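Presented sequentially are two complexes of chain A, the first with chain B as partner and the second with chain C.
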Partner chain A sequence: MSTAPPPQVKSLSCPNCGAPVVIRGFATTLSVVCGNCHSILDAKDPNLAVLQQFQAAERIQPLIPLGTRGKIRGDPYEAIGFQVRTITADGVDYSWAEYLLFNPYKGFRYLTEYHGHWNDVTMLRTLPEVGTSGSRPVAKALGQTYRHFQTADARTTFVLGEFPWQVRVGETVRVMDFVAPPRMLSSETTGSETTWSLGEYIDGRQVWQMFQLPGSPPRPVGVYENQPSPFGANLKEVWMVCLFFLAALLALLLFFNVFASKDRVFSGSYFFSPRAGQEASFVTDVFELKGRTSNVEFSTRTDLNNNWAYFNYALINTDTNQAFDFGREVSYYFGSDSDGSWTEGGQNDTAMVPSVPSGHYYLRVEPEMDANAAGVTYSISLRRDVPTWSYFLIAALLLLVPPIFLTFRSTGFEQARWRESDYPPAVSSGSSGDDD
Partner chain B sequence: MRHPFYLVYCLALLGATTLAEYRGWSLTSVNEMKDVPKSVRDNPGAYRAHYMFYPRHIGGK
Partner chain C sequence: MSTPANCPNCGAPIRFLWSSAVQTVCEFCHSILVRRDVNLERVGKVADLPPDSSPIQIATEGSYRNRAFQVVGRILYEYEQGGWNEWHAIFSGSSSGWLSDAQALYAVSFAAPIAGLPPVASVQRGQQYNFNGVLYEVTCLTRAHYRGVEGELPFEYWNKDEVLFADLESHDGRFATLDYSDPQPQLYLGEMVEFDSLGLKNLRQFEGW
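Here is the complex of A and B:
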């Protein structure tokens, strides 16, 4: 069984400066750039005729040195060409680098890099279907819809290595980008010819791993057009979990409302007059609190009118001599003035005593009023094991905090992405200054 | 789920809410006094809670 001989590179000399020129792409190479004098040479000419000479404003060193081999998706590739392309928007130049990778059996693919953001790019063999969605162009390819991101004129500003086309510095193409993170479709139009490519965002660390490059890749700056959102994929899951637990919380609330005993364990009606001059405090008969340790709801109802009363309560356990004591003020005022009628406070009050163990209890009650007050008729009732809303409400709010926070982060990420596009998100203006 | 932290957080919240409701916890608190003398039943006026000397709000617009 015969095996294909290993490919050999072809070494020539630059006719302009005499520096060695290496051709790694064999018959596919149409132009090659001298790494010394930056002459673009015709690789098909046996004498390597000079096609163009350009003066690079700066000598750009590719992050992946030409000739470096690496494995992409299991296939070995060699970096053979490097070009920098630039678009100008609002007078500002934005440049990105493109690495041409070659495998003699698989062909070409590209790695692009912009401010630490990398894309693995292959030429598209099927023509995408371009249409509109709303007012925005979309492109459909390989069963996926891509939203138009931007259209710009990109010019080649630096080249190095070899290329399967007649590369020229200063060459301009019309570039249209469509995104569906982590992929993007790009079209390049020169004259009547349009080529399409499909890019997929990859982490710079992956590139370093694939090419066994020393050091670490440059840190990505900002958000790139097809960079997958670190929040997007997780956001839906988090909201689903949140909704599930909100439903569980609601079910729990209903369960406690249905199954809480809510037993009335004591009730009594009384009259208090501070003018009587008698001892105000008194104790009730002993009553029993049954069941597990649970809360006790105190309800106080009065007939106060434009007056106040203060009730000192002590719930005392006759078995353990433990007391739960607290005070409640009840005040109710009403009247009318130039603004109309008004009221303040209420005649009734409810308080919750938490975690009261079962046992035999009595109440010590001591009402207080203004010394000149006529008096108050009031009733006290106690209920055992009463469901409350407060913890459910707090839990629901706490459940919502992470998904809302993630949503804000995700929205911020998407806004940062589209800010660089032809469709920047509307920015609310600050002070208009109309008041000046 | 990619990040189980939120799942654990939700389970903890649900568990804490169930426990709070089951045990009758409340956001309000009362004073718990131990060893209240048995004489309170016979002489209620002798019992004094520490908060009884706080100033009272007298309402009205």
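Here is the complex of A and C:
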């Protein structure tokens, strides 16, 4: 129906220096910059009237050469404009680069780069709701809440290529950033108009792949305001998994506690006197340990007072002659001195023999005491299949190591992020030298 | 649906894509023709339109919320930060709506017959208005130059100069425009749309794309 010929890329000459000037954005381009003499030209004027000439301290080479086409989320885009914008904070200049990308059907989007950190930026198609949460401003859009990061006056300090607006070096806009990593919302206010954009953090290597650029991207320095935390992303999951296993562990513990037989399998009371000159060792009757291979709790109770005794025990399997040999020393002392009364040791002892197979067993017992001691009355009791709390405790502690470690790293990352914001985290105690 | 007629100026055949069109432009002599009863009256001539690069053109087809539409006309505006097109589209073969293209930011809107619209003198940026139960905020006032028309429109629109628009946005992605081109303001309600969601066909070609 329409008879207009397809729009074409225009090649023109700079009216100031004669260098070639290309217009790739068709009729959307309002300003175009001569890359040779840094004249900003009126693209709507057939004679390309010079609107501004700017002095560049240095010729900045865009990392993505203008005219390069890349593929972003399936659509081709061409880099047609490049600008550097600068904010000054505490007397220090911070500059970042913005690449204007164009597709005649899909429109414009931007890639921004600061110290190796990249953002894919599109115009926001809704008006965010700006409010406050606590003492800080927040912006809500598309069902997500973004926390205010910083407000700054950004001035354009270098331009190349073409722009669908009247670009000027030195022009200042007020920029407000709100973050919800990996996304951020930015508002730019000039005069009475505010525009909102939505940025999503992307890896420099992705940009290199999109535009098939040679070499490798600059390494990112520091933490960027909407950089996703490598620790925070699955921190919640790690905690969830940890809590799940802790709950399972607790359930297991309760299960064993309820279902552990804790059967008393043997008990006996004896008297030993070193003076009697008798053979100290003796064996008990045979008793049976039933069920699965499990532990045996060995309790020795004595009436020792300011004395000690040593018990050599052997738990011997009558079927296999397998013996579990071990010794226990029991000592109990008490008295009083200038600090008051004191006690040391105890009259009773408990030992755990792990992994004892079922079968028929007897005990060989051989007590020892000081040769002058009067003697000891003692009882031995054995319980089978007693739950051991210590294993559960160790398992629980091991389970807690990864999430606690990750939480620690994540907190460090978030502090590095917010150090660059209008809300630097409080400096931890002990350090000094705040700039004021 | 096509009503045969001839241009009263050059005699070229005028084919209407939309039977309810009030105004159209002769493709050959660029006369602006307005329907008066059964006749076409020449009321003016469209100056050559400045080059623009909207990918949309007359006869572009697409669909919005499962309603097929066809573009039959447009109004072209310019302001200090560029230009934009209000493409007049016919939805489901009958009702009239608008597909605007402002530097490839697209929106679909429909005239909303609401009484008691704020008069031009009272509209300021930041002001909020409730239309059909939705709160909109004035985000931008644009003083634009009418640059021309093409094709079929639902009203007479040709002797314009400078016109004022107030753009309003809601917090849930809806937008509204208050059009002060006529003494009686007109409200349009709609939303921003993604290019891909419209499934557009019969688009303009760009060399190298």
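Everything that follows uses one rule, which is that the second predicted complex is superposed on the first by the 421 of 436 C-alpha atoms of A that agree within 3 Å, B and C clash if a C-alpha of one lies under 4 Å from a C-alpha of the other, contacts with A are read in each partner's own complex, and residues count from 1 in each chain.
Heads up, the rule we're going with is that contacts are C-beta pairs under 8 Å (C-beta built on N, C-alpha and C of every residue); 3 or more make two chains touch, one makes a residue touch a chain.
The structure presented is a predicted model; accordingly, all values stated were derived computationally and were not measured.
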{"item": "Room on chain A for both chain B and chain C (clash or fit)", "value": "fit"}
{"item": "When both partners are placed on the shared chain, which of chain B and chain C touches more of chain A", "value": "B"}
{"item": "First (chain B), second (chain C), both or neither touched by A:F413", "value": "neither"}
{"item": "Which of chain B and chain C A:G335 touches, first, second, both or neither", "value": "first"}
{"item": "Which superposed partner A:P164 touches (first chain B, second chain C, both, neither)", "value": "second"}
{"item": "First (chain B), second (chain C), both or neither touched by A:E366", "value": "first"}
{"item": "Vertex chain A; arms to chain B and chain C (CA centroids, nearest 10 degrees)", "value": "150"}
{"item": "Touched partner set for A:W239, first chain B, second chain C, both or neither", "value": "neither"}
{"item": "Which superposed partner A:Y94 touches (first chain B, second chain C, both, neither)", "value": "neither"}
{"item": "Which of chain B and chain C A:F282 touches, first, second, both or neither", "value": "first"}
{"item": "Shortest CA-CA distance between chain B and chain C [superposed frame, angstrom]", "value": "31"}
{"item": "Residue ranges of chain B in contact with chain A within the complex", "value": "1-3, 6-7, 9-10, 13-14, 16-18, 20-38, 40-41, 44-45, 47, 49, 51-52, 54, 56-61"}
{"item": "Chain C - residues contacting chain A, complex", "value": "27, 50-53, 55, 57-59, 80-83, 103-105, 125, 137, 139-141, 150, 169-173, 192, 194-196, 203-209"}
{"item": "Contact footprint of chain B on chain A as seen in their complex", "value": "233-234, 237-238, 241-242, 245, 248-249, 252, 256, 279-283, 292-296, 306, 308, 310, 312, 314, 316, 318, 321-327, 329, 331-333, 335, 337, 342, 344-345, 351-356, 362, 364, 366, 368, 370, 385, 387-388, 390-392, 394-395, 398-399, 402"}
{"item": "Interfacial residue positions of chain A with respect to chain C in the complex", "value": "1-4, 6-9, 25-28, 30, 76, 103-108, 123, 125-129, 140-142, 164-166, 192-194"}
